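Naming follows writing order (A, B, C, D and E), and every chain is counted from residue 1.
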């Protein structure tokens, strides 16, 4: 894997397990024993150059720059709004410069550099800090996970991604085009637009997972085998993972939509409440999908069990029919001198007939018991 | 399936799985990347003409119109009450016109056009917005699902359905007939009557599901087979689906019945509390039905397990009886020159007798162990 | 079943399933589409005559009447207390008359006539409305279920039962005898006495269920068979049913004991808190009984499983011993011309001895592995 | 069992089931239909004489009496503190006298006489009433259960036990010796000391259960058999029982430690908070022990399952090896006139060699598949 | 095990069970019956000498002493800050001296000496008391558990460990070096630094557990056997143990970060909120790891089940193919005089051909049914 590639969650492959486990517990260890506030990047190791783009807009105007020197950036002094998007959090010196320019708390910078955060909202009074997980679908259909952090100040928004690729293209287009509410509203509305863009992607991911569960449910009835079981568990793991990314977001967005802070205007809160509704629906859907996967597992186990039954029934039928027959032919294979049947001209056909009758009686009995 | 048919949830058929999955996750994807507030219809694609009916009433009077031009509609200026029922939400331009006439929030219109909503109550101060799922039984006995949205203003109610067919016939009859409380009370009572009509249908759906669970419970004991398992899982999915439709409604109706808003008069709240009681009872019943279905699954698995036991016991009995017999006949089939028994005149009957004794001992032993 | 018999919940019989299911979902359907407040009896169809008894008491006095004309009844104007007990709720016109005389809300009357209510407490300001389930044991030991509703006014109590038979005989005796606190206290204390009499019966029902679970637990270890499984599931269903009757009562009684309403005097609330403690204990006991039944199911399944094991072990032992022996006798049954052993005089005993050794080795091996 | 023996919970014996069930549901039935406040002893029938001991202390003084006439007792009028311990609650007339002397509510007396109470705290304003379960270990290692009730007045504590034997010896010693805080503090501190003595015994019981679970976990891996299963279920039942005794206590003690009532002094509440911490830890430990027992059940079932597997594998290996061999010897046992092999001098060794090769191939195949 | 060694939790070995059980329930018994406030050491018996180190710092200054006489210690009178670290809690007389010098409550000293505490925060107004579990990894990769208690006064911190080894080396280095915020801030920040150091170690432990779960998940698919099951249960037990150590900490740290007490300065609370976020993430991760282990158990059982299936299928195929063949060879082994086939020159090849056809038909049938 090249260094600056995003984290791929391969579906339906064993490596999925490893990835998730790694994500969960492996990253922080290099931090142990350091002074709090020491900036250290935790996460996938990356070496790509960090890109910074600046949008400066107000009503009719909108400028777009690529920034190379972070020390040029600062909160806008006039009544314009500023959006700085930082594509990479592995250069901690750059984060430190930005932190100084915008007066950010050291713990906040630490949280940005640590890509192993739980989604959360922190209220630092003069600014909000929001961490989310950005889920995207790669062209191969895998789930790509990236952490994205937002700082919402009075008239600026800072967004930090692990990588340059993101889901904000539509927000950029709307800013450039000037259509819609985006330019007319403040930085809180911009934050809403960004968060909404991230949450919208969750629906796409769930759609994909839903389709896979659907195809799984067909296979599980038609042809249950260990591979199906692996797929079930891979899907379970995926849903567990997505749930971890979305579940804590619910509370964060709820707090945002109910905040009394002057950074958020009343009309914007209605929109955050709408995002909140979406997140609730996503959580709801995840739970339903989880129940469906569990049910697939139940069906799988029942099918396996039923097949076992069928196999054992066949075994029993075969054994029960042939055991008496083999016994009978064994009798007439005995070497006693005085076995009158052996001398009879009709002995052989009679023995065959007897065995035919025994077999027929057995078969009829089995049919009555519905074993055949 | 023709375009303007409602969503059929076929019971006891595999397609049920698909439908639910689709409902859960497939609809929103075309919306990704659009500006919030952009009206897009999400749901079953429909092309039928949208019907609009208008009831205008106050005390003794009641007029009924079919409306063709939405721009004629507006909140009543006088002391009459207005109910506008819109049969179709797939024409977004029409929704926009209505939204303008009644001063509705863009997000509200978006929610109406998106038929994939979770039931909820939104308080927009000058009006309430309530989304519900309308469950109906088709003539074939399938569950038909339609989203219905209500806007409750000071003296009007707007209702939006996906389709023309609905469960409001009794409300219309009562409005036309003028009997009962309906015409004497305001728009809040009308909303109650409509919500009550929707909730009443839930009982009919649960009744049908209850009957099917009953018949299932009989079959599961009498004749457990994979088809029964499929039925169990189809019923589980159905109940999961109905629960998703009803569960969030509980909170919405509760909020409505406790709202301090002047749009709701005190005497009407008693009625909403009654609806709330019904919803609680429905939720309760769903949970009980779910427990019953789970229990059916348990019984199914136990029955299968018990049958397996029986089959294996038969196998063991047969094997255990015939193995020694076959061994004995094998002995006397050996070709040793010096086997005195073979020369005895009573050798053959003695061997047969020996085998009879062995078989009898075995049978008695099995009977003692209660294996036969 | 004759018309005016109560609902019998036959324990340990399949019909139990049906009854419960019917109770859950079948009753309301005839109501769909009717105007709210329309009085319709929902429940077991009954035709028996409705009996009404009136107790009028205060301190030392106590009169008892059988009432035939409901329109004679009314809230007492003087400082006496009145208890009207109505034995039957299927005559809706009678309910309407009573409702008019006592000024009862139409929804309350609807709830009385609908015997499919969830236990609940409604506060109508000038009176309380309490719905409960009365559980009784028939002589056959079955659980009899009846709905009982109470209206508590300033100085009257109305009680409505489905049938004439009830559990209030001790309350009547105490009223007639004049002993104890009953006559000295107001209508709230009377309500307490009635509720307490109903709740006391729950203990008797739980006692009976506890005994059956006890006998079940013995059978499940001694002789697990499908009938035991049916009993387990019947008991489960019974407990589910009793739980549905008691669970919501907890909150209702709690609200009653904490109500600030002047209808309830402070000293009486202590008694309601005592009833509340009983209900909590009953709920607790039901949960424990449920856990015991679940455990019985676990033991049942483990026992079945263990027996399967035993059976398969027998099968394996038999097969493993006789297969090699049969193979050996097969060898000496071959017809090769040059088989020196066949000619040996000691061939036959040697072959038999060889087989004895093989069998003995096998048996010792099995004993070592503890399979025998 | 003699009459005045405590309730023994025999561990690892079937009678444990019966006892618990009885405790849960059998006791109250004789009370049905009686007026509330009628004193009736509910519980194990006992006939032993009731012992009453009185401690009267204040600072440096401490008197100890055995009381025979309850009517001599009364709340102390001076600044001394009184502790009355009553050893037996089956003499209801004695309880009535005490109730009169100390001004106790009839319902409180009823609760004392009913030994089937859920642990709880009742606040009667001028006194507190606390019910607990006293768990002790008998010399045989069984759990002995006794109900103990406390009444805390301004300067007295009444304690009621079912029996004379208790866990308060250390409290008595400290009162007599005068060491520690006990004599210097008021009645609330005495209550604390008594409650603490009861709770300390819970640790001893958990210790014993923990050791048994430990020994169980060893047996369940080494030698799983139905007796182990019985032990698992007996332990489960025991833990369920202990949990029922402790769980409600948590809330009761918490309420006590947070009470605003003047009966409890601020410095004593710190001690009750300490007891609360202990109870929380006990609840926690019970939950962990329960998880361990559940896990033992899982291990038991897995072990049984694995053994079944092993047995069936042996069966299959034996069958698969000998079936083809038996078939081959069968071929050469056929009586066709024209079977050239039978005439070959090397036919017999060749057939034996062929069978050896077949068996070897089979064995190698099984070894490759790791079935051997 | 030598006396002063820490508690080793051996992973993947049976002794793990014992240890945890002991920790849970065995320690307190020697305390039963003692007066509360009597100092008794509960926990692993230790005899090593107790070490005490003192840090005295303020801004630029920092002194470090080894203390031998506890009675020299006392809360600093000037504006410096003091940290006393006590390495051993088994000398109760030393604890008593310290308690006297710093004015600590007897119950607090009792809690320090009892190493079987649940993590908790107690607010004694003039100081806070915090108990935590210190988890460390030994060189062998085992989890070492030690209890650590903190007392936070106005300008001092006392820390008590069971042993001399700890995780505070980085805090000491920062104090000595004078870099970072540590010397500039008060005792509350020092407490934060110590707590943070303990919590950081939890990540290391989870990392190790995560890696083991990963390797487990690979083995469980590749080669499920009873040893794997033991490992699963050992991991389960470990996670249960870690969860018990972390779960109650969440509430304690939350209370600390929200405390209104003047001992905690506003800027420090932000840091405690950060620790709180870490603890929440750890709890979250533990839950996910637990779900993964449960899933491993599911996969294990399914794999075992599937293998059973495969084995039985092989058995059935072998039996079903050879039973008819053995029957046919049996027929031609019969000794009837008149069996024409036996005389035919082509009888033998024909019989062989017939058997070949039967076997082929069977094989094709099995292949169609996908049993081969």
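Please note the rule applied: a contact is a pair of C-beta atoms (placed from the backbone, for glycine too) under 8 Å apart; a residue touches a chain by one contact, two chains touch by 3 or more.
Just so we're clear, the structure is a prediction, and the values are computed from it rather than from any experiment.
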Same or different residue numbers at the chain C/chain D copy interface, by half rule: different
Centre-to-centre distance between chain E and chain B (centres being mean Cα positions), rounded to whole Å: 43
Contacts with two or more other chains, residues of chain C listed in rising order: 305, 308, 312, 315, 319, 323, 326, 330, 333-335, 339
Ring topology as an ordered chain list, initiated at chain A and continued via chain E: A, E, D, C, B
Residues on chain A engaged by chain B in the complex (per definition of touch): 169-170, 174, 179-182, 192-193, 196-197, 200-201, 203-204, 206-207, 209-211, 213-214, 217-218, 221, 270-271, 273-274, 277, 280-281, 284-285, 288-289, 291-292, 295, 298-299, 302-303, 305-306, 308-309, 312-313, 315-316, 319-320, 323-324, 326-327, 330-331, 333-339, 371
Residues of chain C touching chain B in the complex: 14, 17-18, 21-22, 24-26, 28-29, 31-37, 105, 107, 117-118, 120, 122, 226, 229-230, 233, 236-237, 240, 244, 297, 300-301, 304-305, 307-308, 311-312, 314-315, 318-319, 322-323, 325-326, 329-330, 332-335, 339, 341-348, 351-352
